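I am attaching a structure below and will ask some questions about it afterwards.
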Amino acid sequence: MTVEQIEALLAEVAGGRITPQGALEKLRHLPFEDLQFARIDHHRALRQGHPEVVFCEGKTPEQILAICERLEAASGTFLGTRATEPVATGLAARFPRLVWNRLARTVHLPPPDKSKPIPRTGIILVISAGTSDLPVAEEAAVVAEVFGHPVERLVDVGVAGLHRLLVATEQMQRARAVIVVAGMEGALPSVVGGMVSVPVIAVPTSVGYGASFGGLAALLGMLNSCAPGVTVVNIDNGFGAAAAASRICRS
Amino acid sequence: MTVEQIEALLAEVAGGRITPQGALEKLRHLPFEDLQFARIDHHRALRQGHPEVVFCEGKTPEQILAICERLEAASGTFLGTRATEPVATGLAARFPRLVWNRLARTVHLPPPDKSKPIPRTGIILVISAGTSDLPVAEEAAVVAEVFGHPVERLVDVGVAGLHRLLVATEQMQRARAVIVVAGMEGALPSVVGGMVSVPVIAVPTSVGYGASFGGLAALLGMLNSCAPGVTVVNIDNGFGAAAAASRICRS
Amino acid sequence: MTVEQIEALLAEVAGGRITPQGALEKLRHLPFEDLQFARIDHHRALRQGHPEVVFCEGKTPEQILAICERLEAASGTFLGTRATEPVATGLAARFPRLVWNRLARTVHLPPPDKSKPIPRTGIILVISAGTSDLPVAEEAAVVAEVFGHPVERLVDVGVAGLHRLLVATEQMQRARAVIVVAGMEGALPSVVGGMVSVPVIAVPTSVGYGASFGGLAALLGMLNSCAPGVTVVNIDNGFGAAAAASRICRS
Amino acid sequence: MTVEQIEALLAEVAGGRITPQGALEKLRHLPFEDLQFARIDHHRALRQGHPEVVFCEGKTPEQILAICERLEAASGTFLGTRATEPVATGLAARFPRLVWNRLARTVHLPPPDKSKPIPRTGIILVISAGTSDLPVAEEAAVVAEVFGHPVERLVDVGVAGLHRLLVATEQMQRARAVIVVAGMEGALPSVVGGMVSVPVIAVPTSVGYGASFGGLAALLGMLNSCAPGVTVVNIDNGFGAAAAASRICRS
Amino acid sequence: MTVEQIEALLAEVAGGRITPQGALEKLRHLPFEDLQFARIDHHRALRQGHPEVVFCEGKTPEQILAICERLEAASGTFLGTRATEPVATGLAARFPRLVWNRLARTVHLPPPDKSKPIPRTGIILVISAGTSDLPVAEEAAVVAEVFGHPVERLVDVGVAGLHRLLVATEQMQRARAVIVVAGMEGALPSVVGGMVSVPVIAVPTSVGYGASFGGLAALLGMLNSCAPGVTVVNIDNGFGAAAAASRICRS
Amino acid sequence: MTVEQIEALLAEVAGGRITPQGALEKLRHLPFEDLQFARIDHHRALRQGHPEVVFCEGKTPEQILAICERLEAASGTFLGTRATEPVATGLAARFPRLVWNRLARTVHLPPPDKSKPIPRTGIILVISAGTSDLPVAEEAAVVAEVFGHPVERLVDVGVAGLHRLLVATEQMQRARAVIVVAGMEGALPSVVGGMVSVPVIAVPTSVGYGASFGGLAALLGMLNSCAPGVTVVNIDNGFGAAAAASRICRS
Amino acid sequence: MTVEQIEALLAEVAGGRITPQGALEKLRHLPFEDLQFARIDHHRALRQGHPEVVFCEGKTPEQILAICERLEAASGTFLGTRATEPVATGLAARFPRLVWNRLARTVHLPPPDKSKPIPRTGIILVISAGTSDLPVAEEAAVVAEVFGHPVERLVDVGVAGLHRLLVATEQMQRARAVIVVAGMEGALPSVVGGMVSVPVIAVPTSVGYGASFGGLAALLGMLNSCAPGVTVVNIDNGFGAAAAASRICRS
Amino acid sequence: MTVEQIEALLAEVAGGRITPQGALEKLRHLPFEDLQFARIDHHRALRQGHPEVVFCEGKTPEQILAICERLEAASGTFLGTRATEPVATGLAARFPRLVWNRLARTVHLPPPDKSKPIPRTGIILVISAGTSDLPVAEEAAVVAEVFGHPVERLVDVGVAGLHRLLVATEQMQRARAVIVVAGMEGALPSVVGGMVSVPVIAVPTSVGYGASFGGLAALLGMLNSCAPGVTVVNIDNGFGAAAAASRICRS
């Protein structure tokens, strides 16, 4: 039911063409949610200021191209994650302005007018434990940047060599939110969480020997962190961590 | 190495009783961390404004009493979680001002001077799906309050009856951080995360029939949330969720 | 917002005391869902003809008594599952008409006017594999009866003695829905599903030696049934199976 | 033992060529089940009105072709699921009337005389949460159609955007059975089950990030649904859901 | 349908009171399985020569007493496993001849006429790894003895002290079947299986530190035995191992 | 220490060239196990009458060829399991008499003199539930035949169509040992175990939809069989089942 | 076969009462392992210098008393782990010299002559992360002391407060072996392993919130340690860690 | 803060250009860890005498080449594990002195001056259960050799043929540390641990049939070893075992 339809119904009541009881019956059975639908959608556009994000894994290059064309037509911009080389190549042929980050596996069409995104103030700091965790960390960093946040990176600071981390205490405490990406035993978020008081979002990765069980070891480690207030997202989900950090910086 | 020791060493350099090179050698091999320890501790006191928290589960009433007496002597206040009736009774006999929340299983000795906690501004909203999730939700709420945050509660809004949740959209969006506590399939955080743009911290509970496997079903459900940016803490960990929300409100 | 409130608003429009536009604004910001809540509730009463069901596990006798008193006041009837002896004794002292099924662990206060429930026509057949599965099977049977369905029972027909099952083929095929309760390897639903074409709802139970892992073995067995179209509910969830069968018989 | 053999034996009794006791001995040791076999098979043909279904995964194109030729010779029709492109191409070369649904991965040879299937009345509604769940949803829809049921589809109505689902309440309630296909946290069946009273069959899919563990997260979520009466089939088993819905519509 | 009923039907055919075709129709729709039931039951009595076995776990003393009284009335004997002290005490009061094995947790009423069990020839050897595995091993031994088999025992021969096992090679090879009971890593069956060529039945027990996960470690170890031809039963299932060994000795 | 070395030592004692005490010292520190090694090896040859078996999976064609050449040189025969086409082709080029079973994935070089294997008497019956289980069932059958046992096969008798199984009761009971191969829910061994008293060895296969978890569902189902005395081997381990059946037939 | 028996046999050879070939035959079939048994046992006494250790869990006080009396008679000393208060009380009544460590749950009867244990030189350092890990850490410490090793303790140095650990670097590096006991995410061994080059033995404990799954999270974390060369023992197995450290110090 | 910076600061104190209190403030806020970083690194070089180790899995040949060139420039040597043929070929083209062990999957550039590594004295013995475990065992052996330890190998001594192991008792006891590599049920470390008193490091491998679950069975088996003091590393982690053994030999 659109706003127009409700307005028309109320006009009928005002004009005596329908009794209040009859209008009540109509309201009782109408899909008010359509009204809410439009409103919510508008809210999303207003408050987030960033394009829809396409999860490319499990879609064909043709499907992805079709979705991105629709998004570009609507908003002039789009962002895709988990993009393979064929996907990126296909999109670049169609959108010459496309930015492909091979390490992060992201494809991004910046909005034509660069000044559009509302500039954010809080820094999102992305920390990664090992070089194998870089793709996930970079996905988080790129998504956060596309969402309009200033991003800093701190790489290769695993817990087996703590000194590299200890020197960065001030940098960590200065951030509005810290994303910590780690595989294997996933201990880094506990250490970071014990060093700083800012929000810490932990991202387990599927990096590791046999008994990492595809990231399960890191995931459980992070959920059981002895540093209070560390929160966790899904395995290898750099995008989700960036979205969570963005919620914090926008709140 | 204490601050006094370093000061003494520097005085020796200033007095020419030791060369700079000799002092460097001493510094190189000394446990600078003691210095850092004191500093970090002080930082904690300054920035958090709340007492240490005692996890009572698995400790005897005697041990808990001893720890709380030490905390009270140092700071005039303490907070304990997972406190059973015998623990609460024992502490109340010793500390007449003790506040025991039976549902949340918390014991709290408020600081003598109530004005001390720095008043926070952002609201932490604690949402729970079912009545069986209330102990965990209440633990989160009490901890957040003790940490100095204004708290609102929204109870019994499980996804099988969405209308109860939909009417609270504005209340949710107004919060600085939302804690969502749910057992069984743990779907509530996804729904909430899709309705608002504020940070959403999901707490799985161990409530459910056989195949909930002690909260594993809810935990996995929340980690796989289709609403981007939902983060997760450990099963039944209301305290951890409050600590995470507090990090957000303080950042 | 109650129905009365909406009716009053529409009366104001009809009386010209408020313009249609003004009423629209009010409606736009009101919790329409309260309306929906009432409507849905009413629908539930109309279409289901049975009282709310209280899951007693994890609640104190006092809490259960309070909930049941509220339900009795509203509808004159209630049903509780997983009721222990203390719960049943406490309720019986308050409600002399209470029916307690010790095996099924159910407590039921029948509506004062027995003729109220709309009589159903399709039979729900509850089959159990072993004597240890009886509590779950009986929970399913009692709930189905309270929901107004005629129920038949077939007990102790495990797959290790198929002859007992084979003689009941006609009885099974005659049912509108068949609930099959089994622990251990959970093979009975596959056999039943291969014999009849009616809907088969499988309920795994936590009955079994070590490697049943609390019903996991039966659950997985039923999910992997080679008989097409067998569906599964949670471990030991006789209530859920009855609710599913009731949906089928009412559809 | 065939019907003919039993008839012959009874004729011998009638003719006095064998005593009743002698015939009893023979019956006692004969495979009566062959009789039952034929009867059951005939029943299947009568009551189901659809061809045998071939699960193509793990079979070579040659094996599948051989099976389908035998089925076509016997009944003039067949249905295959999980058919890859080579399988479909091979079958199409042999059966020019073959219908291949690339998305659903089904191959179907319609019966020569289209009017044969007994027309069903109840609608089967197939709901899917995301675009990645479409192959499983489409498998369910195609199988249900081949089994003779009218099918409706509702796509891309994940719980993170509830408004899309809320507008379809009436469509859902009108169906005879609803199949809900969802990956990730698998929360959609709970929401649907709370909105309508018709039978809800949940199908978890293997879609999701790391901790979906191949669909385990969605499976557990659905088994723990807080909406009473939701039943579950195996991961990615669109065929099984269609078979279950068909049992309901035929009961 | 009983044997008498079939005999009567055949007599009617012989007497010309019913045609063969009419009898065929009746047979086609009758529960022939009742006939088979009786036959199978009789077979069981003939070939096994042992009473029904009652699994006492999860049954009340009253239920067990009722079952045992029915068994005693039918066969003069019974055997129960997993019997607690209250169960044994209650049965002993009713059956003075009852034999209670506290370690094996078995209760046995020997048949009045001791000569009845058909004497078996092959020896069943029960080997246990540690003293904590004795209850399961003794359950296997007692059940095998009640089933009429000569039993030998070899205890405390864990793989960490192989010499104790090596001296028993000849004893092991002489047995008709060997049951190996072990917890922790469950390695003993592999060692035994490599030493002898007789059938080896492995029984994992739930004995062990944390990561035994209730016997899962031993179970997986035994299933992965590098000694070809070792077979496995459920965790702590001494009864099942004895039944398997009895099948071997009777085959 | 070889037999020759011990014989020489004893000759020295007999000849007085070494005292009994001196010989004792030597024996005390010598590897007696070499003696045992030879003896055991000889026993294996005597009692089993079959060649060593090569598990080809994870070995290169070159490695397999080298091993088989050594085995052929020693015994004139060999058997390999899990042989891919390249492995079989390579071996066939070297050993023209090689027998390759593509379905069972076995390669076998029969001994030059066919009469060598001691003829066995008891039949090993291999039952498989579905066509996808055939490779594992055939591996079991081929291995049993190479080990010298007469083998019968019963295929496609899944529990969803019991009549096919019921007619084979006599054939099953006549066997010395029954191997039952099944995937999905793995219910077939329970049904077979309830029908016959002979030894039943269950082999779970990795065949099935998502929640079969690579055969885990079938494995757990078989371990929890309600038919007493069913034993289980590893997932897809047809070879192990044949070895177990061979132990039974030789005992 | 005892040493005396072999000596007698050799004497018969020396005396010509048996030929070397005859003696060889006897040796070939005799249980040489008894000889080895005695030797191994003697070795154990010589090299370990400590009493047998009794795992008290799952044994009755009577059984434990009987075992300890036998050990005391043989060696004058014993050590028991996982001893409850009733066990300790019962043993203390019988052995007044008994030392009971309530925290470590150990009971120890020191040898009468204190000087007996060979004094060890290398220090075993036991580090624990939290106060809840103390029982396991103390079990390790007590066992190591009873085995004759000097032990140092470092408590409450969890990774969320690294400064406490960093000051102890020199103490850690000075140890011959370090045992690190931690629950929750089990990250401490990684940090310690990155700081020192001495052997690090990690002990996961079952301490933690829901998703620690009884210590599984800590166990997986430690197995996936990014610090090379960290080894792991079973959950809560302080005894095993001490035994491992003792092997290192004795090697 | 570099050493130079601290030296300059101390010089300022000595020269009176800054007071001791002012220097203390500066030190309090400076990253002392940079100093510690250098020191730790130097320690590592001194005490370990071996190059950094590159884990090649998951890195491109280009990345590995870049890392190795940097390592070679710094130290004249490097070691890589999990190196595929393309990686090895690429490195060999750049470093003609490269040693590639195809079985162990290692690449090693020996230091130019062979005499550099400090010669170790204790032997590391690497035992493997089956031929499929050889790659992991060889990785352990090669790494230990590169780390400067004398290594012995004992292959194909699985527990199903114990005689092969028993003859090697003396060789095992003579080692400073024993690495035991085994897949399937992982029983070998228990047997070895029961035979010798030296440190035993167990390495589970992912070798095995279905229910080995990628090495989980062997891992759990080793963690539950009944031989006290056996420690465990991650699945297939030969490198970790060598690092652990090296810690022992250097302690």
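The chains carry the letters A, B, C, D, E, F, G and H, assigned in the order they are written, with residues numbered from 1 in each.
The rule is short, and it goes like this: a residue touches a chain if its C-beta (ideal position, glycine included) is under 8 Å from a C-beta of that chain, and two chains touch if they have at least 3 such contacts.
Note that this is a predicted model, so its numbers are computed, not measured.
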Quick one: which of B-G, B-D or A-G reuses the C-E interface, over half of the residue-numbered contact pairs in common? B-G
Looking only at C-beta pairs in contact, point me to the busier pair out of A-D and A-G. A-G
If you average the CA atoms of chain A and of chain H, how many Å lie between those two points? 39
Chain A to chain E, mean C-alpha position gap in Å, rounds to 58
Give the residues of chain H that touch two or more other chains, as numbers and ranges in rising order. 36, 40, 161-162, 166, 195, 208-209, 211-213, 216, 219, 223-224, 228, 234-235, 240
Contacting chain pairs, sorted by label, are A-B, A-C, A-D, A-G, A-H, B-C, B-D, B-G, B-H, C-D, C-E, C-F, D-E, D-F, E-F, E-G, E-H, F-G, F-H, G-H
Chain G contact footprint on chain E (complex, rising order): 131-132, 161-164, 166-170, 207-213
Mind listing the chain E positions that touch chain H in their complex? 129-130, 158-162, 166, 183-187, 190-191, 193-195, 208-209, 211-213, 216-218, 220-228
Taking the complex as given, what residues does chain E use to touch chain F? 40, 43-44, 47-48, 53, 122, 176-177, 195, 197-201, 219, 223-224, 228-235, 239-240, 243-248, 250-251
Would you mind writing out the residues of chain C in touch with chain B in their complex? 31, 33-34, 36-37, 40, 55, 58-59, 204, 206, 214-216, 219, 234-237, 240
Please output the residues of chain D touching chain E within their complex, sorted ascending. 3, 6-7, 10-11, 13-14, 16, 19-21, 23-24, 27-28, 32, 35-36, 39
